[in-house]
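Down below are the structures I want you to see.
One chain, subunit A, links the two complexes that follow: it is found with subunit B in the first and with subunit C in the second.
And then the complex of A and B:
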C-alpha cells in the first residue's frame, strides 16, 4: 500500500490546492464573459458567483460533518447496492476525465495562437498528459505538495497587474450597474464554471483528519480565487472600455501582451507559459477524481495501470475536437454538467446520510 | 526504481523537441515599421521596413511595398520578393497617410487587431504627405529611418508634445462612447522628420488636426500628466517684438471636469486644469522673486492659456470630435437610459464648455 493514506492533508496545502484547481484557462476569458453578460461593472458579479460557490462548499462541508469524515464511496455504498452505483461512478469518471482533457486542449490551442501555430497541438498535449500522468501516479499527498511549489511559480504574476495602474481609470468603469450587457443563463453558467474546481474536495474526505480544518481551508481557497478573479476583472474593466472588452476573445492575454520591460517587449508567450502551472492542476485534479472513482469500480486493478488507461483515453479523445470553438463548446457542456454534479452530488449524499441516520436512530433505542 | 528510464526519456524529449518548429533568426524578417497609403480603386499600398543584421552586406534595412485589396493581401505579394520569413511580432510603428485616414482606417485597424502577433503597443501615426516616401527615405544624420521614427515618437510622447497613441489606446478610445481617438502626425522636413500636430478622429476616420503649437495645451486639457515644456509670449511691445516672454518646463498638470445641468436642459461643462512648471526663461521687466509680481505673471499665463484653451475646445466642437473625452464625464453624470437617448455626437456641439486653467510657477531658476 502507498503511504498517502496515513499522511493527511494540511490546511495550508488544502487551501492552495483548491485555489490552484479553481484558477485555470477560464480566467483568460472571464472579463469578456462578464462584459458580454452583465455589461458595465460586471466584475461585481464575480463576488456573487463566489458566494454561490461558498454555499456549495458549505453543502459539501455538511456532508463531511454528517458523514464524520467517511469517504463518499463509503457513504454511498453503505446504503445503495454497488451494481446501481457503478453506472453513476462511470458517468462521473467520464465527465471528470473529459473535463480535464478539454481544459488541457483549450490551453494548448490558445497557446498555439501565439506560439508554434503550425505544430500539431497533440504533440503538446502528449507532453502535458505525460506530466499529468507522472503527477497522478504520485498520489494526492504529493500532488498537494507539488501544487504548493507550482503556486509559488505562478502567484507572482499577480504583481503584473500593477503595470496597469497608469492606464486604469475609474471613470471608464462608469457609475452604471449592469447596463449594456446581454444576460443569458448559458453564459452565466460559463462564468460560474470559472470558479468550479472546489467540488473536487468531495473525494478528498478520506485524506483528511481533524487537523486539516477541511471546510475552513476549502472556503479560504475559494475566497482567494474569488478575490483574485474580482481584482483581475476590475482591472480589466478599468483598462479596457466596455465595448472593446466585449470584442476581445482573450482580454487577459491581451493585457499580458501590453506589459513591457525596458529590456524586453512582447513577452506574453513567456508569461502565458506560467499560466500552465495552474492549468495543470485543474487538469490533474479532474483526472485524479476520475481515477478515484475508477478505483472503486475496479478495485482489483493497479492504480497506476488505471491512471495510464485514463490518460490514454483522454489523449485519444482529445483528437476529436480540432478547433478552439469546438473545444470551447465541449468545455461549456461539460462544465454545465459539472456544475450540476457540484450541487447534485452533495445533496444526494445528504439525502443518503439522512436516511442512514433515520435508519440508525431506532436501533439505538 | 524507474528513475533512469524516466530521466532518459526526458533528455530524449529535450533533444528531439526543439526540432519541431525549426527557425533561424537570420532568416526571419522582423518587420519594424509599416506604412499605408491610399491607392486607386480603393486599394492600399503597403510598405514595410525590415532591419537586416547580416555582417556580409552593407544594407541596414530591407524595404518592400505592394498594392493590394487589404494589408494582408499586399503582404502576401511582397513576401514573394524577399528571402526572409516575414513576421509581425516586432512591429513598432504603423504609419498611415492622411489621405487614407480621411477615408477610414477601420479595415486596416481591424486587420491588425485580429493578428495575434501584433503587439497592442504598436504606435499608430499619421503622415502628412506620402507615408511610403517618409518611410523609404534615408535621413542622413539619423538612425535607420524606422528606428528614428520610433524613437522620435517615444521621446515626443514622453514630454507630451504628442499624445501617447498605441494601438491599445486608439482602439480603447474608439470603442468608448464618450471619447474619440487621436494620433500624432509626422511630416518630412528636409533632412529630418518632424512632428506636425495631432490628428483628431471620429471613430476611425480622420477629421481635423491640432497644430503643434497647441499640443501641450491639448495634453493639459486631456488629463493628468507629468513632464513637458512650453513657451508663451505674454505681451508684444510697441514695435511688434516680444517684450514679455516666458518659457517653463517640467510641467505637472492635473485636470478636473465638472458637469452641470443648467436650466433649459443645456449641459455645462467646466474643465479645471491646474498646472505647475519651473520657469526656465523669462524676458520682461517683472521680478519673479517678488511674490506679487510673480503672481501677476502667473495669472497672465493662466489668462492666455485659458483663452487658447477655450478657442481650442470651440475648434473641437466645430469638428464634432470629442477628443478630450468630455463625453465620459457627461455620461457618468447622468443615468444610463438618459445617456443612451442622448445623441452625443450631435449634442456635443451644443454643450457649453468652459476651460479654466491655473498656472503656478514652482520655481524660477537660479536668478532671483
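And then the complex of A and C:
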C-alpha cells in the first residue's frame, strides 16, 4: 500500500490497463451482435462506436483538466454536502460491483457450457473471486503492473487470427453496407457496452501526475481496443457468412476450435482460458471502483475489509442468475445504466466544476 | 489479544499510529580496561584457549591456537620471547605499540577473530595472526560454465573479497564492514562502486542488516531471508552466486554485493525475476548463441510449470484436444493405468523429486547408481507394472529436465514446487484451473519487490530498453546503459564506437 501513494501511473501502464479493462467476453459475442444488428459489413460500426467512446473520454479529460487532477470525490465534496452524496456513492458502488460480478459469472458460464457441463459454476466463480480479491488488496499500482504482464500473456492470441487467412474470403464481406440486419437500440447498446470500461479512469485521477499523460494514454488504450475489435470483426465477417454469423452464439470461439497443430487441436477451451487474463481486469476494475466509492462512505473501515465485503456480496449475488440468458439480461440492464454513468458523471462533474469556478472568480477580482 | 480486538483491527483503521518498538538498547559499556584476569575469566571453560606466561619478561599471551598462523606467531612473538634476551623482547614490545588496546571488549573480540593478546605489565596489545584452515579455491559445483573463468568464492570472506578486488582494480570499489549475529558475530561486507551505485540501496541494505537480531547467521542464503521484502513468498528476492565474475558484473551494473563470512555464496541486490534466468556464459559466447540459450531457458520455464499440468488437464477433462493419431497411442498407454491422471502424475513427480533429493545428498559415485536404478525403475518397471503411462513419463521427465536448465538453483527449486500446485489445479479444474494457477503466480509476482523495486523489472514497470539484456543477450555494442532497476546515477556503461 505504501507504494501506491508514492508511485504514479505511467503512460504505458495506463494505456494497457484501459485496453485490458475494455477487452472482455464481449469480444467473443461482438461479431454476432454486429451481424444481427447491422447486417453486412457491420464491423465498420465498431469504428463509429469507438468514436463515441473517444468523445466520452474527451469529456472525462475535460473534467481532469478543469479539476486540475483532483479526484472526483474532492470535486464533488467541495460543492455538495456529503449526506447528499452518500446515496449516489452507494448507487454507483452497487452498479459497479454488480457489473463486475455479472461479467465474471458470464465468463464462467460460457466456460462451463464448453467444458464442464456437470460442474457447479459457482466453484469456478469462487476461485475467480479469490483472484480478484487478491488483486484488489494489492492496490492500483500493483494492479497496473499485473495488467502489463497479463497483457503479454494474452496479446499473442491475436496472432492466431493468421490461421484464418486461408478461410477468409473477401466475397463474404460483400459491397453492400448494413443489409440484412435488424437494428434495435437495445442491441446497439449491447455493442457499445463491449467498449465500456474506459470510464473507470474517472476514479484514477488521484493516481496520476503530469508524466502519466493521462488523457492521451486513455485515448490510445481505447484506440487499441477499437482497432483490435474491428480487426477481429473483419476476420470473423470474412470467415463466416452473414447468416451463419447471425446464428452462432460465440462465433469467435467456434473459429478458435478450427485451429489445429500436429500435437494438439480443438484448443478453444484452453484459448478461452487465456481470455481470463483480460476478463479478470474488467471484473477487477469495476470492483475496484466500487471499493473506491465505498472507501468514501466508510472512511474508518479498512480497505481490505471493504474489499472482502464487496467480493462476498458479489459472490452471493452471483448465485441468483442461473443461466447465460439471465446473466445476459442483467448485463444488458447494467451496461445501459453504466453507459449513462459514463456520460452522465463527467457532465455532472463539469457542471459542478463550472459552479466552483463561478463561485471562486469574484474572490479573485 | 482478544478475538474481538483482533477482529476490530482487521476491520477498522488504526486511529493513531502505534509503535511497540523498544528504544534501542544503550551501547554496551566499552570502557573497561583490558586485564589478563578479566580476559581469562571471559574464556573460562574454553579448553581450546592457549595461555602462555613468560614471568621473566612479565608477559602473558592469550590466543586460540587453531585460528592463528603458526609461522607468524613464532616469528613475531614467540621467538623473541623464547630467545630470552631482554633486548629482543623490548624490540618486540616496541613493534607492538601500534596495536595497543584500551578496551576489554575489543580485545576479547579480536582474540576471537584470530588475534593474539599480549599482556605486558599494565598494557595490553592485540596482534593479528589470523589464519584459519581454509579450503582452496576450486570450481563452483552449482554454477558450472563451459567457457569463462572457473574459480568460485570460498567460505573465507577475505579470499572472496580478494577475488573481487583482483577483478576490479578501482579505488571506487568501496567496502562496508558489518557484523551480524549476536553470538556468531559473523562479518558481512557490503560492496559497491561509488558513483555507479545508487546509494539508497547501500543505505537500505546496511539498515536491514543492522536490524537483524539473531544468535547466528551461517550462510548468505540465510541472511537474505532476514532482509526480504516479502517474507512469505516462495521466490528468492536476492540473487546469490558463487562466481566472482557474475558478482563483478552485478557491481559494475550498479548493484550492491554482500559477502558473508563462512559462505561461498555472495548476494547481489536489487534483483528481478528475470535476472535468475541469465548465466555468466551467455556473455562469453557469441551473442546469437547467448540469446538463443536465454530464450531456451524461458521456454524451459514454461515447460517446467505447464507440461505435466497440461497432461493432467487434457487426460482428465479435455480429450478432444488430442489429435486422432496421437489419441490411439495415448489411450493405449493410459488404458492399463488404474489411477486418475492426477494421482498418476503426482506419483511420478514425487518420485522424481525423491530421486533428485537423494542424488543431491549422496556422494557422486552412489549418486550415479541412484540415477540408473531410478531410471530403470521409473522408465521401465512403472510402465510395465501398469502404474503409469509412457507419455506421462515423457512429460514428467521433460519438465524435470527443463527445470534444471534454469541457472539459479534456488529459483529452479521454487519453480519446481509451484508446479505441484498447478498440477493439482489442473487435476481439479482442467484448463481453467491451469489458467487460474498461472494468474495466481502472475498476481503474486507483480506484488513482489526486491529492495523496494519491482520484482518484475523490466516488464512492469515497462522498460523495453533493458529487454536486450534480459530476454536476449544483444551484441555488446548495443548494451550501452546500466539496467534501469539499479537506478544508477551514471547510466552509460559502454562508450565503445561501433
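Operating definition for what follows: the second predicted complex is superposed on the first by the 363 of 365 C-alpha atoms of A that agree within 3 Å, B and C clash if a C-alpha of one lies under 4 Å from a C-alpha of the other, contacts with A are read in each partner's own complex, and residues count from 1 in each chain.
Convention: a contact is a pair of C-beta atoms (placed from the backbone, for glycine too) under 8 Å apart; a residue touches a chain by one contact, two chains touch by 3 or more.
Only a predicted model underlies this, so the values are computations on that prediction, with no experimental measurement involved.
K.L.:
Is A:148 contacted by the first partner subunit B, the second partner subunit C, both or neither?
P.N.:
second
K.L.:
Between subunit C and subunit B, which one touches more residues of subunit A when both complexes sit on the common chain A?
P.N.:
Of subunit B and subunit C, the partner in contact with more residues of subunit A is C.
K.L.:
Touch test for A:265: subunit B only (first), subunit C only (second), both, or neither?
P.N.:
In the superposition, A:265 touches subunit B and subunit C alike.
K.L.:
In the superposed arrangement, does A:127 touch subunit B (first), subunit C (second), both or neither?
P.N.:
Both partners.
K.L.:
Could you say whether A:357 touches subunit B, subunit C, both of them, or neither, answering first, second, both or neither?
P.N.:
It touches nothing on subunit B or subunit C.
K.L.:
Using the touch definition from the top, say if A:254 reaches subunit B (first), subunit C (second), both or neither.
P.N.:
first
K.L.:
Now for A:176: first (subunit B), second (subunit C), both, or neither, which partner does it touch?
P.N.:
In the superposition, A:176 touches subunit B alone.
K.L.:
Quick one: classify A:65 as touching subunit B (first), subunit C (second), both or neither.
P.N.:
neither
K.L.:
Under the stated touch criterion, which partner chain does A:116 make contact with: subunit B (first), subunit C (second), both, or neither?
P.N.:
Both partners, subunit B and subunit C.
K.L.:
Using the superposition on chain A as set up above, list the residues of subunit A that contact both subunit B and subunit C.
P.N.:
Residues 116, 123, 127, 134, 260, 265-266, which sit in both footprints.
K.L.:
Residue numbers of subunit C touching subunit A in their complex, please.
P.N.:
10-13, 317-318, 320-323, 326, 429-436, 438-440, 442-443, 445-447, 449, 452, 454, 456, 459-462
K.L.:
Where on subunit A does subunit C make contact in their complex?
P.N.:
Residues 3, 10, 12-13, 111, 115-116, 123-124, 127-128, 131, 134-135, 138, 142, 144-146, 148-150, 152-153, 260, 262-267, 269-270, 273-274, 276-277, 280, 299-302, 304-305 of subunit A touch subunit C in their complex.
K.L.:
Across the complex, what residues on subunit B touch subunit A?
P.N.:
By the definition above, subunit B touches subunit A via 6, 13, 17, 20-21, 89-90, 116-117, 119-121, 168, 171-177, 328-329, 331-332, 335-336.
K.L.:
Using the touch definition from the top, list the residues of subunit A that touch subunit B in their complex.
P.N.:
Residues of subunit A touching subunit B: 40, 113-114, 116, 118-119, 123, 127, 134, 167, 171-172, 174-176, 179-180, 239-244, 247, 254, 257-258, 260, 265-266.
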